[in-house]
Amino acid sequence: MKRRGLSWVGEHTVLVALGVLFIAPVIFVVLTSFMSSDQTLTASLWPNPWKWSNYTEVFTQVPLLRWFGNSALYAVLATVFMLVSSVPAAYVLAKIKFRGANVLFTAIIIAMLLPPQVTAIPVYVMWSGAGLTGTLWPLILPNLLGDAFSIFLLRQFFLTIPKEYADAARVDGCTELQVLTRVMIPMAKPGIAATGIFMFFHSWNDYFGPLLYTSENSDWWPVAYGLASFRGIHGTDWGLTMAMTVLVMVPVVVIFFFAQRVFVEGITMTGVKG
Amino acid sequence: MNKRTARLRFPVVALAAASALLLSGCTSGGSGSDFATTTPTELSGTVSFWHFFSDREADVIQSVVNDFEKANPKVKVTVHPGQDDEKLRKAISTGSKVDLGLSYSTDIVGNFCSTGAFRDLGDVIKRDKVDMSQFTGTVKSYTEFNGTRCSMPVLADVYGLYYNKDLLQAAGFTEPPKTLGELETMADKLTTYNADGSIKTLGFNPTMGWYENAPSHYGPAAGAQWLNADGTSAIGTDAGWPALINWQTAYVQKIGWDKLNKFTSGLGQEFSADNAFQTGQVAMNMDGEYRTAFIKDQAPKLNYGTAPFPTADGHTDLYGGGYITGNIAGISKGSKNPELAWALMKYLTTDTAAVVKLSNGLKNVPTTHAALTSPDLEVSPQFKTFLDISESAHTTTTPPSPVGAGYQQSFQDWWNIYQTDPSADLPSALTTIDKQINDSIQLVSGP
Amino acid sequence: MTATADALQSTLGVPTATAVRTPRYRLRRRLVTLALLTPALLGLLIFFVYPLIASVYYSFTRYDLVSPPEWIGLRNYEYLFTKDPKVIIAALNTLWFVAIMVPVKIVFALLIAGLLARARAANGVWRTLFYLPALIPPVASVVAFVFLFNPATGPVNQILRLFGIDGPLWFNDPAWSKPSLLLLAIWVMGDIMIIFLASLLDVPREQYEAASLDGANGMQKLRYVTFPNITPVLLFALVTGIIAALQYFTEAAVASGVASGKAVVGEGTGNNLGYPGNSLLTYTEWLYVRGFSQYQLGYASALAVLLFVVSAILLVLLLRRFKAFTPEGAF
């Protein structure tokens, strides 16, 4: 009895200590975002006075709203395009037997695991030939032709659906397409949602892609790239920089809280099954 | 079952292979339009102008562009500020987005002239009878490469010594130092420490790589050479570099690298109001003539003076010179409006009123004789120093090369590390740098 | 969250005997299959197969994007292996991240997951708390960390000073810059921590009870019950971690840019990469510098080909072991 109590206290002490360490950076960032530039360079840890205007200034100093719009466009379109192209492919790979299926799947695994820098140069040359560099389209459009990681994930989800459902639907006279749309997709909804959320965040957080394709055109900068470039242009105003950092963090956290269950389930399923 | 899929697969693979061959042959430079054979009488259309300035300096450029538009009512200029060399290059290489490009330094001239990324201006200069003698000799030399003139100079940057008059007077100095030895002695007296032994203010910050401390800016202090006549690296064989390196590293070690690095890491950003010279944390500093504009804007009460940068002990004959580099402009290969770009370029580089306005706003050194002697040019006593340096015979620049600034970068990277631990054998280290630079030049342009 | 073994076994659904198998039906099915696969097939060809082939081609040329590629044979490779002063530094830096960052991150994630599992704090607030940093866009977390660890004015050194410790220069010191990024990696270990947590909770209780009955102590239970059950997940984390470390770019690039404090006036991003003193120059950053800062795309392609070869070898080695370890067998 006594032993149990001690271990509980011990575990929770460690938890609290770690928890404090983990939340501390966020707290410092938020506090700093309310400080004036001069104060950020001093030892004080509490804003005095509270410079609420940092948050409005950040919108006037840089076209932040536009950058958010770019990020949203990139993330939303990439996700939608990916789902349209990858769900059918994943279904086929999971449920339909055909010669070359293993080769194709292996190719997808390799494509998924290779560093993007390996293929970056010829792809860049291709897009510059098409005149689309300087925009985010080279990052959005390829998702119309599938995304390797998403196909892999979706396939794993489709694998968990027992084949009896598809068989039953076929017996009822459904075409293959109907089997996919009326049976498989509704059943794999959590998996599809999780994959979509992955794609969304991957696009929202992307830095290398925008660096390569939009660095020379600030009209198309997404918010991640804008934040990285912000400090260069605007000197040592840490207060402003932290305000912008907070603004970049917020949408992600908000979306997470709404999609929490789907999210966590999705990740754990991929990790455990993958 | 699989015959069908197999049959369909081959055409797809063949398509991919064919496109591979096709695409590998195509260049992305964009196909631009040509210059006209005679000077166009009327100009109309839209021209895109890419430059690197931002904030206050971008506003100055914009006001001059507005003047150009007023003088040519049918022409519209779309301005893209904040475009560094990397971005400018990207835009030029990938199509026709850039008509006129303005770069902050001469580094790309060597490469752009030889690859044609910036067009050869020889013909239009002759056609429009542009008088090239209005530019000074050095300035002309850094805007062409191997006989091809692909760029025009747009104002110049000249580097010298800034010193805080109040701090110097408080320490008993009335004159700025003229040699590196004097600089060190004065700086020692001007340096103050905190109670715990850390540096409070520095007389002079010798840290290489900080702010404008770069080998290229120090070279002229000892007449150091970068490249031989054949384009190969001269660093290992030149006598000036070891003199500079030894002085600088000895000084750094005297202060103590750790102490110095810690102090330096805490200093404000170069182009913000927290610039260490502007706040008085550093009493003397190497900087360019544009700093006078920043001081006027951000620290108007600063009591400061300017002078040519001290020379190495033993090279006192070189005093009065310094490092000069320029902003340069060129017309991109893929431009669809070369005539408009050329008109704008002529305006920015040769129209005396425009050059003077640019110089007054940016506080950069004008590059035409007419502008230098114009009565409209605002010359503060501190700014005059730089005008004098720009005309000095001892003022040199970094030569153009196919590797752009690569050779400077290699040397600078090495020096930045060497200053933390100057124990290695210096002559052999410099020879190694020579070899690295020559190898990379070979890779880019060797036979 | 538990997998049904039969669902995984019946992966390749073939119509049962009850469906009518006319040739026309079969043909339609093949067409539909092909139609559903075509976008992905095209995507693989255009964005994977073609670029790989093209990269190899470019690696034998000199190409600056302005003029057509010029064939120079093996010159790029000769330079890569004998004359490039920074490629070795870049490769070693990347290897540091692979060999040190990946294991440390996994160990920490496992420890915290274990703690959460033990303390019955697996759901709700605690889990969210440790997971949230992983969600933050990497650029934002790097900028935040560089500020926090600023040697002169950042909170971390200020707090250390309270304890009388003279903090290091963190992101401004070549010896401390990578460890600083390591701290960042630990902070964002939430994404694999969550997977470990799920896997730990999935271990069948009966196995623990059986082990207790056999007289096993805590350590033995860990070794003989816990570890075998979480091995697939450990390997998954290892594989994905190594992949990420091989491509490590964003955090290093943004850290260098922000810590160097250089206003990017005129020069370009490429000049700052690696600060301080090349310590943060990763292989992919060097590829970027050569390709898109110095516009030596032929040479950068040679770097890319080398990266491909190394990655492929590493992955084949890892995946072989992965297959052997999964209880369910092959993919």
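As written, the chain order gives the labels A, B and C, with residue 1 at the start of each chain.
The definition used in the following text is that a residue touches a chain if its C-beta (ideal position, glycine included) is under 8 Å from a C-beta of that chain, and two chains touch if they have at least 3 such contacts.
Keep in mind the model is a prediction, meaning the values are calculated, not measured.
Chains that touch both chain A and chain B are the following: C. Counting C-beta pairs in contact, the chain pair with the highest total is A-C. Set against the C-alpha centre of chain A, every other chain centre is closer than that of B.
For the pair chain A and chain B, the distance between mean C-alpha positions equals 39 Å. We define each chain's centre as the mean of its Cα atoms; on that basis chain B and chain C are separated by 38 Å. In whole angstrom, the spacing between the mean C-alpha positions of chain A and chain C is 14.
Within chain A, the positions touching two or more other chains are listed as 41, 98, 122, 125, 128, 215, 233, 235-236. Within chain C, the positions touching two or more other chains are listed as 30, 33, 41-42, 46, 50, 54, 58, 65, 153, 261-264, 269, 292. Contact of a single residue of chain B with at least two other chains is seen at positions 1, 5, 23, 26, 28, 54, 86-87, 90, 93-94, 269, 271-272. Contact residues on chain C toward chain A in their complex (touch as defined above): 1, 3-4, 6-8, 10-16, 18-19, 28-30, 32-33, 36-37, 39-44, 46-48, 50-52, 54-55, 58, 65, 112, 115-116, 118-119, 121, 126-133, 135-141, 143-145, 147-148, 153, 155, 158, 187, 191-192, 194-195, 197-199, 202, 232-233, 236-237, 239, 243, 246-247, 249-250, 253-254, 257-258, 261-264, 269, 284, 287-288, 291-292, 297, 300-301, 304-305, 307-308, 311-312, 315, 319, 331.
For chain A in complex with chain B, the residues that touch the partner chain are 41, 98-100, 122, 125-126, 128-129, 131, 133-134, 215-218, 233-237. Interface residues of chain B facing chain A in the complex, by the touch rule stated above, are 1-2, 5, 9, 23, 26, 28, 54-55, 80, 82-83, 86-88, 90-91, 93-95, 97, 268-269, 271-274.
Residues 26-27, 30, 33-34, 41-42, 45-46, 49-50, 53-54, 57-58, 62, 64-69, 75-76, 79, 83, 85, 150-153, 169, 172-173, 261-271, 277-278, 292-296, 299 of chain C touch chain B in their complex. The touching residues of chain B, counted against chain C in their complex, run 1, 4-5, 8, 12-13, 15-17, 19-20, 23-29, 52, 54, 84-87, 89-90, 92-94, 103-105, 111, 115-117, 261-262, 265-266, 269-272, 333, 403-404, 406, 409-410, 413, 416-417, 420, 436, 439-440, 443-444, 446.
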